[in-house]
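Notes follow once the structure below has been shown.
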(Lines give C-alpha, C1' and ligand atoms only; values in the text may rest on other atoms or scores of the structure.)
Protein backbone atom coordinates (compact mmCIF):
# COMPACT_ATOMS: atom_id res chain seq x y z
CA UNK A 1 0.00 0.00 0.00
CA UNK A 2 1.28 3.43 -0.87
CA UNK A 3 0.37 6.17 1.53
CA UNK A 4 0.87 9.63 0.09
CA UNK A 5 1.72 12.03 2.87
CA UNK A 6 2.53 15.68 3.15
CA UNK A 7 4.96 17.43 2.87
CA UNK A 8 4.72 17.96 -0.84
CA UNK A 9 6.71 20.53 -2.72
CA UNK A 10 6.56 21.45 -6.39
CA UNK A 11 9.06 23.59 -8.24
CA UNK A 12 8.83 24.77 -11.82
CA UNK A 13 11.84 26.21 -13.62
CA UNK A 14 12.48 27.56 -17.09
CA UNK A 15 14.66 25.18 -19.14
CA UNK A 16 18.08 26.55 -18.26
CA UNK A 17 20.99 24.60 -16.88
CA UNK A 18 21.76 27.28 -14.31
CA UNK A 19 18.54 26.44 -12.47
CA UNK A 20 19.81 22.94 -11.73
CA UNK A 21 21.79 24.14 -8.71
CA UNK A 22 18.61 25.55 -7.23
CA UNK A 23 16.83 22.23 -7.61
CA UNK A 24 19.75 20.51 -5.95
CA UNK A 25 19.58 22.94 -3.03
CA UNK A 26 15.85 22.28 -2.57
CA UNK A 27 16.20 18.52 -2.82
CA UNK A 28 19.08 18.55 -0.39
CA UNK A 29 17.18 20.67 2.11
CA UNK A 30 13.98 18.63 1.84
CA UNK A 31 15.76 15.29 2.14
CA UNK A 32 17.73 16.57 5.11
CA UNK A 33 14.48 17.37 6.88
CA UNK A 34 13.28 13.85 6.08
CA UNK A 35 16.33 12.54 7.92
CA UNK A 36 18.37 11.24 4.98
CA UNK A 37 22.11 11.18 5.74
CA UNK A 38 24.63 13.43 3.97
CA UNK A 39 26.01 10.77 1.64
CA UNK A 40 22.63 9.53 0.46
CA UNK A 41 21.53 13.10 -0.10
CA UNK A 42 24.57 13.71 -2.27
CA UNK A 43 23.76 10.75 -4.52
CA UNK A 44 20.03 11.41 -4.69
CA UNK A 45 20.60 15.01 -5.59
CA UNK A 46 22.99 13.97 -8.36
CA UNK A 47 20.30 11.62 -9.70
CA UNK A 48 17.81 14.50 -9.62
CA UNK A 49 20.33 16.73 -11.43
CA UNK A 50 20.52 14.11 -14.20
CA UNK A 51 16.74 13.90 -14.52
CA UNK A 52 16.41 17.67 -14.67
CA UNK A 53 19.32 17.98 -17.12
CA UNK A 54 17.65 15.45 -19.43
CA UNK A 55 14.32 17.27 -19.14
CA UNK A 56 16.00 20.55 -20.06
CA UNK A 57 18.20 19.13 -22.82
CA UNK A 58 16.39 16.26 -24.51
CA UNK A 59 12.84 17.06 -23.37
CA UNK A 60 12.44 20.83 -23.62
CA UNK A 61 15.41 21.35 -25.97
CA UNK A 62 16.67 24.15 -23.73
CA UNK A 63 13.67 26.35 -24.60
CA UNK A 64 13.62 28.68 -21.56
CA UNK A 65 9.88 29.26 -22.08
CA UNK A 66 9.17 25.59 -21.47
CA UNK A 67 9.01 24.57 -17.86
CA UNK A 68 10.48 21.61 -16.08
CA UNK A 69 8.39 20.59 -13.08
CA UNK A 70 10.02 18.92 -10.09
CA UNK A 71 7.76 17.39 -7.43
CA UNK A 72 8.97 16.09 -4.09
CA UNK A 73 6.85 13.92 -1.86
CA UNK A 74 7.00 11.34 0.85
CA UNK A 75 5.19 8.11 0.04
CA UNK A 76 5.39 5.68 2.91
CA UNK A 77 9.08 5.00 3.53
CA UNK A 78 10.20 6.51 0.22
CA UNK A 79 11.20 9.95 -0.88
CA UNK A 80 9.65 10.30 -4.33
CA UNK A 81 10.86 12.81 -6.88
CA UNK A 82 9.07 13.37 -10.17
CA UNK A 83 10.56 15.39 -13.01
CA UNK A 84 8.28 16.34 -15.90
CA UNK A 85 9.10 18.03 -19.20
CA UNK A 86 7.02 19.02 -22.24
CA UNK A 87 9.15 17.25 -24.84
CA UNK A 88 8.59 14.61 -27.51
CA UNK A 89 9.35 11.67 -25.23
CA UNK A 90 11.54 8.65 -26.03
CA UNK A 91 11.74 4.93 -25.54
CA UNK A 92 13.71 4.29 -22.34
CA UNK A 93 14.19 0.61 -23.24
CA UNK A 94 16.23 1.64 -26.28
CA UNK A 95 18.90 3.38 -24.24
CA UNK A 96 22.33 1.72 -24.47
CA UNK A 97 24.36 0.32 -21.58
CA UNK A 98 27.28 2.68 -20.88
CA UNK A 99 29.29 -0.17 -19.33
CA UNK A 100 29.57 -2.12 -22.59
CA UNK A 101 33.15 -1.95 -23.89
CA UNK A 102 32.02 -0.23 -27.11
CA UNK A 103 30.29 2.50 -25.08
CA UNK A 104 32.91 3.02 -22.39
CA UNK A 105 34.65 5.87 -24.20
CA UNK A 106 31.46 7.61 -25.36
CA UNK A 107 31.21 11.18 -24.06
CA UNK A 108 27.50 10.82 -23.26
CA UNK A 109 24.84 8.26 -22.44
CA UNK A 110 25.40 7.92 -18.69
CA UNK A 111 22.53 10.05 -17.28
CA UNK A 112 19.85 7.37 -16.91
CA UNK A 113 22.56 4.99 -15.71
CA UNK A 114 23.43 7.48 -12.93
CA UNK A 115 19.76 7.68 -11.93
CA UNK A 116 19.45 3.90 -11.82
CA UNK A 117 22.66 3.63 -9.80
CA UNK A 118 21.68 6.15 -7.13
CA UNK A 119 17.94 5.62 -6.74
CA UNK A 120 16.05 2.51 -5.66
CA UNK A 121 13.64 2.70 -8.58
CA UNK A 122 13.07 4.85 -11.64
CA UNK A 123 10.09 4.69 -13.98
CA UNK A 124 9.23 6.67 -17.11
CA UNK A 125 5.75 7.75 -18.21
CA UNK A 126 4.38 9.85 -21.02
CA UNK A 127 2.02 12.52 -19.73
CA UNK A 128 -1.31 13.09 -21.51
CA UNK A 129 -0.50 16.73 -22.33
CA UNK A 130 2.64 15.57 -24.15
CA UNK A 131 5.92 15.21 -22.33
CA UNK A 132 7.98 12.85 -20.24
CA UNK A 133 7.74 12.21 -16.51
CA UNK A 134 10.40 10.29 -14.66
CA UNK A 135 9.54 9.09 -11.15
CA UNK A 136 12.44 8.28 -8.85
CA UNK A 137 12.14 6.60 -5.46
CA UNK A 138 14.61 6.39 -2.62
CA UNK A 139 13.99 4.49 0.59
CA UNK A 140 14.61 6.75 3.57
CA UNK A 141 15.66 4.10 6.07
CA UNK A 142 17.65 0.99 5.26
CA UNK A 143 15.31 -1.99 4.88
CA UNK A 144 16.96 -3.82 7.81
CA UNK A 145 16.29 -0.90 10.13
CA UNK A 146 12.60 -1.00 9.28
CA UNK A 147 12.36 -4.77 9.70
CA UNK A 148 14.17 -4.57 13.01
CA UNK A 149 11.93 -1.84 14.38
CA UNK A 150 8.63 -3.45 13.33
CA UNK B 1 9.23 50.11 -18.90
CA UNK B 2 9.28 46.77 -17.19
CA UNK B 3 11.19 44.05 -18.97
CA UNK B 4 10.34 40.58 -17.72
CA UNK B 5 13.32 38.32 -18.11
CA UNK B 6 14.18 34.74 -17.36
CA UNK B 7 15.10 33.15 -15.00
CA UNK B 8 11.75 32.47 -13.47
CA UNK B 9 11.17 29.95 -10.74
CA UNK B 10 7.90 28.87 -9.17
CA UNK B 11 7.52 26.82 -6.01
CA UNK B 12 4.32 25.47 -4.54
CA UNK B 13 4.19 24.16 -0.98
CA UNK B 14 1.48 22.72 1.22
CA UNK B 15 0.48 25.14 3.99
CA UNK B 16 2.90 24.05 6.68
CA UNK B 17 5.33 26.27 8.54
CA UNK B 18 8.13 23.75 8.20
CA UNK B 19 8.26 24.45 4.46
CA UNK B 20 9.25 28.06 5.09
CA UNK B 21 12.91 27.13 5.53
CA UNK B 22 12.90 25.57 2.09
CA UNK B 23 11.51 28.74 0.54
CA UNK B 24 14.20 30.72 2.31
CA UNK B 25 16.88 28.42 0.92
CA UNK B 26 15.56 28.84 -2.62
CA UNK B 27 15.23 32.60 -2.36
CA UNK B 28 18.70 32.90 -0.91
CA UNK B 29 20.21 30.74 -3.65
CA UNK B 30 18.37 32.55 -6.45
CA UNK B 31 19.20 36.02 -5.16
CA UNK B 32 22.83 34.99 -4.70
CA UNK B 33 22.99 34.06 -8.38
CA UNK B 34 21.48 37.45 -9.22
CA UNK B 35 24.41 39.05 -7.40
CA UNK B 36 22.63 40.37 -4.30
CA UNK B 37 25.00 40.70 -1.34
CA UNK B 38 24.72 38.56 1.82
CA UNK B 39 23.08 41.20 3.99
CA UNK B 40 20.42 42.17 1.47
CA UNK B 41 19.67 38.50 0.89
CA UNK B 42 19.17 38.03 4.61
CA UNK B 43 16.59 40.80 4.79
CA UNK B 44 14.79 39.89 1.58
CA UNK B 45 14.52 36.29 2.66
CA UNK B 46 13.05 37.37 6.01
CA UNK B 47 10.48 39.47 4.13
CA UNK B 48 9.62 36.43 2.01
CA UNK B 49 9.32 34.29 5.17
CA UNK B 50 6.75 36.80 6.48
CA UNK B 51 4.74 36.74 3.27
CA UNK B 52 4.72 32.94 3.20
CA UNK B 53 3.89 32.73 6.91
CA UNK B 54 0.89 35.04 6.38
CA UNK B 55 -0.23 33.02 3.36
CA UNK B 56 -0.06 29.81 5.41
CA UNK B 57 -1.61 31.25 8.57
CA UNK B 58 -4.13 33.93 7.61
CA UNK B 59 -4.67 32.93 3.96
CA UNK B 60 -4.81 29.14 3.88
CA UNK B 61 -5.53 28.73 7.62
CA UNK B 62 -2.78 26.11 7.83
CA UNK B 63 -4.74 23.68 5.67
CA UNK B 64 -1.90 21.49 4.33
CA UNK B 65 -4.00 20.63 1.27
CA UNK B 66 -4.07 24.26 0.21
CA UNK B 67 -0.99 25.43 -1.63
CA UNK B 68 1.06 28.55 -1.26
CA UNK B 69 2.71 29.56 -4.52
CA UNK B 70 5.99 31.46 -4.51
CA UNK B 71 7.22 32.96 -7.80
CA UNK B 72 10.65 34.47 -8.30
CA UNK B 73 11.52 36.58 -11.29
CA UNK B 74 13.82 39.28 -12.51
CA UNK B 75 12.07 42.35 -13.88
CA UNK B 76 14.53 44.92 -15.11
CA UNK B 77 16.71 45.86 -12.15
CA UNK B 78 14.37 44.29 -9.59
CA UNK B 79 14.09 40.89 -8.05
CA UNK B 80 10.34 40.29 -7.83
CA UNK B 81 8.79 37.75 -5.49
CA UNK B 82 5.10 36.92 -5.57
CA UNK B 83 3.39 34.89 -2.85
CA UNK B 84 -0.15 33.66 -3.52
CA UNK B 85 -2.59 31.88 -1.21
CA UNK B 86 -6.17 30.61 -1.63
CA UNK B 87 -7.64 32.43 1.37
CA UNK B 88 -10.44 34.90 1.98
CA UNK B 89 -8.30 37.98 1.49
CA UNK B 90 -8.21 41.10 3.68
CA UNK B 91 -7.95 44.84 3.49
CA UNK B 92 -4.26 45.77 3.75
CA UNK B 93 -5.11 49.43 4.44
CA UNK B 94 -6.82 48.40 7.68
CA UNK B 95 -3.66 46.94 9.19
CA UNK B 96 -2.44 48.82 12.27
CA UNK B 97 0.95 50.48 12.70
CA UNK B 98 3.06 48.35 15.08
CA UNK B 99 5.16 51.39 16.03
CA UNK B 100 2.25 53.20 17.70
CA UNK B 101 2.72 53.22 21.49
CA UNK B 102 -0.52 51.31 22.02
CA UNK B 103 0.69 48.55 19.66
CA UNK B 104 4.29 48.31 20.78
CA UNK B 105 3.69 45.49 23.27
CA UNK B 106 1.33 43.51 21.05
CA UNK B 107 2.63 40.01 20.36
CA UNK B 108 1.63 40.15 16.69
CA UNK B 109 0.97 42.57 13.85
CA UNK B 110 4.54 43.11 12.61
CA UNK B 111 4.62 40.85 9.52
CA UNK B 112 3.58 43.34 6.86
CA UNK B 113 5.70 45.96 8.61
CA UNK B 114 8.72 43.65 8.22
CA UNK B 115 7.96 43.26 4.51
CA UNK B 116 7.65 47.00 4.03
CA UNK B 117 10.89 47.57 5.95
CA UNK B 118 12.99 45.12 3.97
CA UNK B 119 11.61 45.42 0.44
CA UNK B 120 11.49 48.44 -1.86
CA UNK B 121 7.82 47.95 -2.66
CA UNK B 122 4.99 45.64 -1.69
CA UNK B 123 1.55 45.48 -3.28
CA UNK B 124 -1.48 43.31 -2.52
CA UNK B 125 -3.96 41.93 -5.07
CA UNK B 126 -6.92 39.63 -4.92
CA UNK B 127 -6.66 36.87 -7.49
CA UNK B 128 -9.70 36.00 -9.61
CA UNK B 129 -9.81 32.38 -8.38
CA UNK B 130 -10.10 33.67 -4.80
CA UNK B 131 -7.02 34.35 -2.71
CA UNK B 132 -4.39 36.93 -1.96
CA UNK B 133 -1.23 37.71 -3.89
CA UNK B 134 1.48 39.89 -2.45
CA UNK B 135 4.13 41.19 -4.86
CA UNK B 136 7.44 42.30 -3.38
CA UNK B 137 10.19 44.10 -5.25
CA UNK B 138 13.83 44.60 -4.37
CA UNK B 139 16.28 46.61 -6.46
CA UNK B 140 19.36 44.51 -7.17
CA UNK B 141 21.88 47.35 -7.46
CA UNK B 142 21.81 50.55 -5.46
CA UNK B 143 20.24 53.35 -7.51
CA UNK B 144 23.45 55.41 -7.41
CA UNK B 145 25.42 52.55 -8.91
CA UNK B 146 23.01 52.38 -11.81
CA UNK B 147 23.03 56.13 -12.38
CA UNK B 148 26.82 56.22 -12.23
CA UNK B 149 27.24 53.40 -14.72
CA UNK B 150 24.80 54.73 -17.29
CA UNK C 1 16.08 25.36 17.39
CA UNK C 2 17.65 24.36 20.70
CA UNK C 3 17.48 26.38 23.90
CA UNK C 4 20.00 25.82 26.66
CA UNK C 5 18.96 26.88 30.16
CA UNK C 6 21.34 27.47 33.06
CA UNK C 7 21.56 29.42 36.30
CA UNK C 8 24.10 32.06 37.19
CA UNK C 9 23.93 34.47 40.13
CA UNK C 10 20.20 33.94 40.66
CA UNK C 11 19.42 34.59 37.02
CA UNK C 12 18.03 31.98 34.62
CA UNK C 13 19.90 32.28 31.36
CA UNK C 14 18.21 30.98 28.22
CA UNK C 15 20.47 30.58 25.21
CA UNK C 16 18.50 29.79 22.04
CA UNK C 17 20.51 28.58 19.05
CA UNK C 18 19.20 29.01 15.52
CA UNK C 19 16.13 30.80 14.23
CA UNK C 20 13.36 32.26 16.38
CA UNK C 21 10.73 31.95 13.68
CA UNK C 22 7.13 30.93 13.25
CA UNK C 23 6.09 27.41 14.08
CA UNK C 24 9.26 26.12 15.73
CA UNK C 25 11.57 28.67 17.32
CA UNK C 26 8.78 30.85 18.68
CA UNK C 27 7.08 27.86 20.33
CA UNK C 28 10.36 26.66 21.81
CA UNK C 29 11.05 30.09 23.31
CA UNK C 30 7.56 30.26 24.83
CA UNK C 31 8.06 26.83 26.41
CA UNK C 32 11.49 27.65 27.76
CA UNK C 33 10.25 30.85 29.42
CA UNK C 34 7.20 29.01 30.75
CA UNK C 35 9.37 26.26 32.24
CA UNK C 36 11.71 28.79 33.83
CA UNK C 37 8.76 30.56 35.46
CA UNK C 38 7.29 27.25 36.64
CA UNK C 39 10.64 26.42 38.19
CA UNK C 40 10.39 29.65 40.18
CA UNK C 41 12.60 31.95 38.14
CA UNK C 42 11.95 35.68 38.45
CA UNK C 43 14.97 37.02 36.63
CA UNK C 44 15.43 35.75 33.10
CA UNK C 45 18.18 36.66 30.68
CA UNK C 46 18.02 35.64 27.04
CA UNK C 47 21.50 35.22 25.56
CA UNK C 48 20.85 35.86 21.86
CA UNK C 49 24.39 35.23 20.62
CA UNK C 50 23.38 31.99 18.87
CA UNK C 51 20.36 33.41 17.08
CA UNK C 52 20.63 34.02 13.33
CA UNK C 53 17.10 35.11 12.44
CA UNK C 54 14.14 36.59 14.31
CA UNK C 55 10.96 36.90 12.26
CA UNK C 56 7.88 38.85 13.29
CA UNK C 57 6.49 35.87 15.22
CA UNK C 58 9.82 35.48 16.99
CA UNK C 59 10.01 39.11 18.01
CA UNK C 60 6.34 38.88 19.03
CA UNK C 61 7.19 35.92 21.24
CA UNK C 62 9.99 37.94 22.84
CA UNK C 63 7.48 40.70 23.60
CA UNK C 64 5.03 38.15 25.05
CA UNK C 65 7.76 36.71 27.24
CA UNK C 66 8.65 40.21 28.42
CA UNK C 67 5.03 40.95 29.32
CA UNK C 68 4.45 37.63 31.05
CA UNK C 69 7.60 37.86 33.16
CA UNK C 70 6.99 41.52 34.04
CA UNK C 71 3.36 40.81 35.00
CA UNK C 72 4.59 38.19 37.43
CA UNK C 73 6.88 40.72 39.06
CA UNK C 74 10.01 39.40 37.38
CA UNK C 75 12.49 40.87 34.93
CA UNK C 76 13.41 39.77 31.40
CA UNK C 77 16.52 41.20 29.77
CA UNK C 78 18.57 40.48 26.65
CA UNK C 79 22.30 40.00 26.13
CA UNK C 80 24.77 39.53 23.28
CA UNK C 81 22.57 40.60 20.38
CA UNK C 82 24.03 39.74 16.97
CA UNK C 83 23.87 42.80 14.72
CA UNK C 84 20.97 41.44 12.66
CA UNK C 85 18.92 40.84 15.81
CA UNK C 86 19.78 44.32 17.09
CA UNK C 87 18.64 45.72 13.73
CA UNK C 88 15.26 44.01 14.17
CA UNK C 89 14.80 45.55 17.62
CA UNK C 90 15.74 48.96 16.21
CA UNK C 91 13.35 48.74 13.28
CA UNK C 92 10.46 47.54 15.44
CA UNK C 93 11.40 50.12 18.12
CA UNK C 94 11.36 47.31 20.68
CA UNK C 95 14.83 48.47 21.65
CA UNK C 96 12.94 51.04 23.78
CA UNK C 97 11.20 48.19 25.62
CA UNK C 98 14.01 45.75 26.30
CA UNK C 99 17.07 46.30 28.45
CA UNK C 100 20.02 44.94 26.45
CA UNK C 101 23.63 44.18 27.44
CA UNK C 102 26.78 43.40 25.56
CA UNK C 103 27.88 40.63 27.93
CA UNK C 104 26.12 38.10 30.13
CA UNK C 105 28.12 39.27 33.17
CA UNK C 106 27.03 42.92 32.80
CA UNK C 107 23.45 41.78 32.41
CA UNK C 108 23.57 39.60 35.52
CA UNK C 109 25.00 42.43 37.62
CA UNK C 110 22.09 44.65 36.51
CA UNK C 111 19.29 42.47 37.90
CA UNK D 1 33.72 26.58 -11.40
CA UNK D 2 37.30 27.81 -11.60
CA UNK D 3 40.20 25.92 -13.12
CA UNK D 4 43.76 26.76 -12.17
CA UNK D 5 46.47 25.76 -14.65
CA UNK D 6 50.17 25.44 -13.82
CA UNK D 7 53.27 23.64 -15.03
CA UNK D 8 55.40 21.20 -13.06
CA UNK D 9 58.10 18.90 -14.43
CA UNK D 10 56.86 19.18 -18.01
CA UNK D 11 53.29 18.35 -17.01
CA UNK D 12 50.35 20.77 -17.27
CA UNK D 13 48.33 20.48 -14.10
CA UNK D 14 44.68 21.53 -14.23
CA UNK D 15 42.98 21.98 -10.85
CA UNK D 16 39.22 22.52 -11.18
CA UNK D 17 37.39 23.76 -8.09
CA UNK D 18 33.68 23.10 -7.62
CA UNK D 19 31.26 21.05 -9.69
CA UNK D 20 32.01 19.50 -13.06
CA UNK D 21 28.40 19.51 -14.17
CA UNK D 22 26.30 20.25 -17.23
CA UNK D 23 26.34 23.75 -18.67
CA UNK D 24 29.17 25.30 -16.68
CA UNK D 25 31.81 22.98 -15.24
CA UNK D 26 31.88 20.65 -18.24
CA UNK D 27 32.38 23.58 -20.63
CA UNK D 28 35.13 25.05 -18.44
CA UNK D 29 36.99 21.73 -18.37
CA UNK D 30 36.78 21.38 -22.15
CA UNK D 31 38.18 24.89 -22.60
CA UNK D 32 40.99 24.37 -20.13
CA UNK D 33 42.11 21.16 -21.84
CA UNK D 34 41.80 22.83 -25.24
CA UNK D 35 43.93 25.78 -24.12
CA UNK D 36 46.56 23.49 -22.64
CA UNK D 37 46.80 21.57 -25.94
CA UNK D 38 46.97 24.81 -27.93
CA UNK D 39 49.82 25.93 -25.69
CA UNK D 40 51.68 22.77 -26.71
CA UNK D 41 51.03 20.55 -23.70
CA UNK D 42 51.26 16.80 -24.26
CA UNK D 43 51.09 15.62 -20.68
CA UNK D 44 48.08 16.77 -18.72
CA UNK D 45 47.22 15.96 -15.12
CA UNK D 46 43.84 16.83 -13.64
CA UNK D 47 44.07 17.43 -9.89
CA UNK D 48 40.54 16.63 -8.75
CA UNK D 49 40.99 17.45 -5.07
CA UNK D 50 38.76 20.54 -5.31
CA UNK D 51 35.88 18.84 -7.12
CA UNK D 52 32.71 18.12 -5.13
CA UNK D 53 30.40 16.75 -7.80
CA UNK D 54 30.81 15.14 -11.21
CA UNK D 55 27.57 14.54 -13.09
CA UNK D 56 27.22 12.41 -16.23
CA UNK D 57 28.11 15.37 -18.45
CA UNK D 58 31.15 16.05 -16.32
CA UNK D 59 32.41 12.50 -16.47
CA UNK D 60 31.62 12.50 -20.20
CA UNK D 61 33.78 15.58 -20.57
CA UNK D 62 36.61 13.84 -18.74
CA UNK D 63 36.34 10.94 -21.21
CA UNK D 64 36.34 13.38 -24.15
CA UNK D 65 39.42 15.07 -22.79
CA UNK D 66 41.11 11.70 -22.39
CA UNK D 67 40.33 10.73 -25.98
CA UNK D 68 41.38 14.07 -27.44
CA UNK D 69 44.70 14.13 -25.59
CA UNK D 70 45.45 10.48 -26.39
CA UNK D 71 44.63 10.97 -30.07
CA UNK D 72 47.17 13.77 -30.22
CA UNK D 73 49.82 11.44 -28.82
CA UNK D 74 49.65 12.92 -25.32
CA UNK D 75 48.69 11.54 -21.94
CA UNK D 76 45.92 12.58 -19.55
CA UNK D 77 45.95 11.30 -15.99
CA UNK D 78 44.06 12.03 -12.78
CA UNK D 79 45.27 12.75 -9.24
CA UNK D 80 43.81 13.28 -5.76
CA UNK D 81 40.32 11.96 -6.34
CA UNK D 82 37.89 12.80 -3.52
CA UNK D 83 36.01 9.66 -2.49
CA UNK D 84 32.77 10.72 -4.18
CA UNK D 85 34.61 11.30 -7.48
CA UNK D 86 36.38 7.95 -7.14
CA UNK D 87 32.96 6.35 -6.56
CA UNK D 88 31.70 7.82 -9.83
CA UNK D 89 34.67 6.40 -11.75
CA UNK D 90 34.08 3.01 -10.13
CA UNK D 91 30.37 2.94 -10.93
CA UNK D 92 30.89 4.01 -14.53
CA UNK D 93 33.88 1.63 -14.79
CA UNK D 94 35.94 4.51 -16.13
CA UNK D 95 38.46 3.65 -13.45
CA UNK D 96 39.67 1.03 -15.97
CA UNK D 97 40.32 3.81 -18.50
CA UNK D 98 42.05 6.47 -16.42
CA UNK D 99 45.38 6.22 -14.67
CA UNK D 100 44.83 7.68 -11.20
CA UNK D 101 47.29 8.74 -8.49
CA UNK D 102 47.02 9.67 -4.84
CA UNK D 103 49.44 12.58 -5.10
CA UNK D 104 50.44 15.06 -7.78
CA UNK D 105 54.12 14.13 -7.33
CA UNK D 106 53.53 10.43 -7.96
CA UNK D 107 51.47 11.31 -11.01
CA UNK D 108 54.17 13.59 -12.42
CA UNK D 109 56.86 10.95 -12.02
CA UNK D 110 54.72 8.47 -14.00
CA UNK D 111 54.55 10.50 -17.21
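When the chains are written out, they are named A, B, C and D in that same order, and each has its own residue count from 1.
Following the convention adopted for this analysis, a contact is a pair of C-beta atoms (placed from the backbone, for glycine too) under 8 Å apart; a residue touches a chain by one contact, two chains touch by 3 or more.
Just so it is clear, the model here is predicted, and its values are computed rather than measured.
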Common touching chains of subunit C and subunit A: B
Mean-CA-position distance for subunit D and subunit B (Å): 44
Subunit A and subunit D: spacing of chain centres that average the CA atoms, whole Å: 27
Touching two or more other chains - residues of subunit D: none
For subunit A, residues contacting two or more additional chains: 16, 18
Those chain pairs that satisfy the touch definition: A-B, A-D, B-C
Complex contact set, residues of subunit D against subunit A: 21-24, 53, 55-57, 59-61, 63-64, 66-67, 84, 91-94, 96-97
Subunit B-touching residues of subunit A, taken from the complex the two chains share: 6-14, 16, 18-19, 21-22, 25-26, 29-30, 33, 64, 67
Of all residues in subunit B, those that touch subunit C in their complex: 17-18, 20, 42, 46, 49-50, 53, 57, 98-99, 104-111, 113-114, 117
